[in-house]
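In the two assemblies presented below, subunit A is common to both, partnered first by subunit B and then by subunit C.
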Partner chain A sequence: MASARSPSALLGTFRAASHRPATAWRQRCSYHSQEYTQPPPFPPAESAILTSALSHVPSYGFTADALRLGARDAGYMDVSTNLLPRGVFDLINYHLVTQRLALKSTVQFPSTGDQGKKLGTGAKVRTLTLARLRANEPLIHRWQEALAIMAQPSYASTSLAELARLADEIWYLAGDESVDSSWYTKRASLSAIYSATEVFMTQDKSKNFIETEQFLDSRLGDVMKMGGFIGALSEWADYTAHSAVNVLRSKGMRV
Partner chain B sequence: MPSALLPARSLARAAVRSAQHPVSECIAPCRMARPRRRFHSTPANPVQSSPTKRSVAAAIPQDHAEHSDITTPHNTAAGTPVQPLSQEQHDFLDSALRVNQAGELAAVLIYAAQTPPLLRAHPHLKGLMKHMHDQEVGHFRYFNSILAKHRIRPTAMYPVWHAAATVLGWGTAVIGKEAAMACTEAVETEIGTHYNEQVRVLLDWADKLEARGETLGEELTVLIEELRRIRDEELEHLDHAVENDSKEAKPYELLTNVIRGGCRTAIWISEKV
Partner chain C sequence: MNAQSARVLFRRQLLAGGRPRAGAGAAERGQYRCLSCTARQLQQQQTPPKRDGTTHFGFETVAEALKEQKVRGVFSSVASSYDTMNDLMSMGIHRLWKDHFVRNLNPGRNPLTSGPSEQKGWNILDIAGGTGDIAFRMLDHASTINHDAHTKVTVADINPEMLAEGRKRALETPYARSPRLNFIEANAEKLDMIPDNSIDLYTVAFGIRNFTHKEDAIREAYRVLKPGGVFAVLEFSKVNNGLFDAVYKRWSFSAIPLIGQLVAGDRDSYQYLVESIERFPSQPQFRDMIQDAGFLVPGQGWEDLTGGIAAIHKGVKPA
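Entry: the complex of A and B
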């Protein structure tokens, strides 16, 4: 009866270790501080299974098979994959979260560039976005499956939230410190650009994804142009309003 | 007053109590079904206790040591452990600091909009207006840097507050000096109360942690000091407004109550979005 007992014992330990609500709140942590060490985003058992499952994705796709093989590789029984309540989506989510958190260590910006001048925020955003896209490279031929699963109604909100966190992470790592309305427009436009480029990349057959890079550059250029136009427009409106008020004041109106 | 004070105290205490068991919270947060609480308390209770005695915390309790692989309270230079904040504390800091930034934005814009019409009629107020405006700009910069540092999102109503504050400042200044000062009085009363509540909650956390031989950590200790300084400067503006005949504004009750109600609504909205 040992074999009958061990799954339940495993189930117990796994359940205790897999504290999903805690995982959920850690991901939406609002107040960040360098003073406190951030706990790992996934419990050890879960991350062991999912890490090895990811290595099976290139050949088996984002399927229950990959999860099962991953669990086997990590030394757990096949049945333990049932403890991931969202199944394959948990695998995708694991990839998204770990790659987002990995950006901090994979992309390092020198304090001064080659020509002794600092890299601008725009260039940093481009580098970080490319680095994140490149992290999909090993799975890119399977990524459309992942996109389809992410777009399912029950997972769409989680996926969008993760996209927003990625955009936030990129702007934060790029050293952007604006805390006004542009905080929202920046993150929204980067999210749109990133998801569009991600879809483009799944169909990119060019060498070293050079076309994806061009696609990203032109989208970033569009936003830059648009932002410049809106900036000029609001500057003009501001100037006109001030002039109007000053004309009224010069006429002796008490405004 | 103590009876009115009680619920706020117990709320803050409850938050700290939950922070005392961060380990169990990590293991089974779903089992400790806690409703999301807001740290609201009654106004008009200035904080008197001093935070300076916090530095003498000595003994380090090791009751969480066996779980140190889950939550690692790392040590400061002084050797006192800094406990990670609970989710409620995160939420509180998140919304409180967001409100502070929105409030300082509004304050800067109110003074900026009041200044031209007011100085036209009363040029002798130039020094005072400049002094108050500059202090508000300093506060605004401070909270901007805090928001960027701790990755707190600014309020989504930013453009709305921008417009509302400009209209409020300009409108009251056009009515007259007394109305402008009544506006300042009403706004600074609300803001001062709001800062007082925050300082009280943070000091309560600090006291609870200190009782267990731990500290809030460098950042929050500095934050408390800054909040107290800023609150004192806001209350100084309140005094200036009263000195400059704010009480003689024509529909005084109506004006101040409408503005104070507006401030409270704006604070409530900014906490949420």
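Entry: the complex of A and C
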């Protein structure tokens, strides 16, 4: 009996031993970046120069002059702007990155909405997108310069990557947890809407950018309609294809 | 039977004499000036870094005290034909590199946009700039692009012949008699005549490769620069693309010494030139050397030109 029991006892100890590494492994796997403090996106000297340079943008625009004045304010010299290899584009990039990262702390959602019900993902996306657009407000009369620089061939890919990161950040903060192909379509459509609204905003003369807000709402509405239509269309196509295959099979065809 | 025993014997000989044979092979190879040079280069990389009194002069190892003299000798002999040779060797591209280097640094303080301030113009130190190539471009850029009539350039070179060539060329520019340009004979490792924290921009174009102690020169640059000042180096570097590198190596090791022999009548100096390019540290290594001296480097620390044949390295002294 003792000999018969020993294998199971052995197995038991083996299980007990293997249990701990398994949890450790699971803990190692479940890394979530939001649980850790991220390093600052720019080194201190660059941040100092760029932060003070941004304060000169409303009067000097996105130009080398704003950079030079920023460097002087930060205790550096004109020549120190060589620290920024891409010059003015680094200034724009700094604005884009810092404003994207600021969204996390500037927009807080209450656990329940005004009427006591929870805020939907769509509403959260709208709020976050508006908050990001409003962050351009102090520079909006100069923003076309920035858009022109971002569209230059050597910077276009970096700018598009930053746009994608912004769309991802907004969907993430809105609590989107999709893991299907809509992960891509959501980000793509939000990127398109955001960039269109941003361009619209540079021309908006209305009070408190009310027209920009309306423009954003109607674009988001379009996407909802389009999304619903495309969803229904793909469902219909899928059903039809399956039925066709099944009809062929019922006729004895080897499909 | 006979053949087999012979084969065994041969194999045994190989086993027994493997080591001395390999040594003899390396020594033999050492006598030749090889074109691909990887064998020789590997051999020399195994020797621990200098500081024990010797340094490299191209692929040769020489006493530290000798290198300075030898470099001086090289540039004395090439001073007169310097420009023609540069044009031939780089097919004129060196002018584009130098133009880009200067335009990128954007020297000069524009009086229209910078408003009144106590400091007028930049104080630029161009090391190893004997022939004035960089200096004249700096002054031209400052005057015509930034409307700055105060920026000064001090050209320092270890070689009096190169300085004489530069002075001669300065006569054809508007800066010959102006206080904006002056020439001094100096060793970049000991810039005693230049006070601490006095320079806005320190440049070396195609010079740092020839320095005996590069670290000392970088440290000296750190000393003379003002806080916020920029250290900028234009130098030959490592080509990134393997295929392009093969073509480039073939060109540099076979064509350049030949052009040197035909045009300047001096093969050895140009052989030294290509060998010293080969020995110069790669982009990340040189970036680390700049960082080790205390400089902040912009972005990745360098910018490749023409696929990495040359590279611009920059460092900013923290304020």
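Please note the rule applied: the second predicted complex is superposed on the first by the 202 of 255 C-alpha atoms of A that agree within 3 Å, B and C clash if a C-alpha of one lies under 4 Å from a C-alpha of the other, contacts with A are read in each partner's own complex, and residues count from 1 in each chain.
Keep in mind that, in the parts below, a residue touches a chain if its C-beta (ideal position, glycine included) is under 8 Å from a C-beta of that chain, and two chains touch if they have at least 3 such contacts.
Small disclaimer: the values here were computed from a predicted structure and weren't measured.
Judged by the touch definition given at the top, the superposed model places A:172 against subunit B, while subunit C stays out of reach.
In the superposition on chain A, contact of A:78 is made with subunit C only, not with subunit B. In the superposition on chain A, A:45 contacts subunit C only, with no contact to subunit B.
Touched residues of subunit A, counted separately for subunit B and subunit C, are more numerous for B. Of the two partner chains placed around the shared chain by superposition, neither subunit B nor subunit C is touched by A:227. Within the superposed three-chain model, A:64 lies in touch with subunit C and out of touch with subunit B [touch as defined at top]. Of the two partner chains placed around the shared chain by superposition, subunit B is the only one that A:37 touches, whereas subunit C remains out of contact.
Contact with neither subunit B nor subunit C is seen for A:122 once the two complexes are overlaid on the shared chain.
Judged by the document's definition of touching, no subunit A residue lies at the interface with subunit B and also at the interface with subunit C.
Contacts from subunit B toward subunit A in the complex involve residues 25-30, 70-72, 74, 82, 84-85, 87, 89-91, 93-94, 97, 101, 116-117, 120-121, 144-145, 147-148, 150-154, 156, 158-159, 170, 174, 217-219. Taken in their complex, subunit A has these residues touching subunit C: 43, 45, 64-65, 68, 71, 74-86.
Residue ranges on subunit C touching subunit A, taken from their complex, read 104-107, 109, 113-114, 122, 200-201, 226-230, 232, 296, 298-299, 303, 314, 316, 318-319. Residues of subunit A that touch subunit B in their complex: 16, 19-22, 25, 29-33, 35-37, 39, 168, 172, 177-181, 183-184, 249, 254-255.
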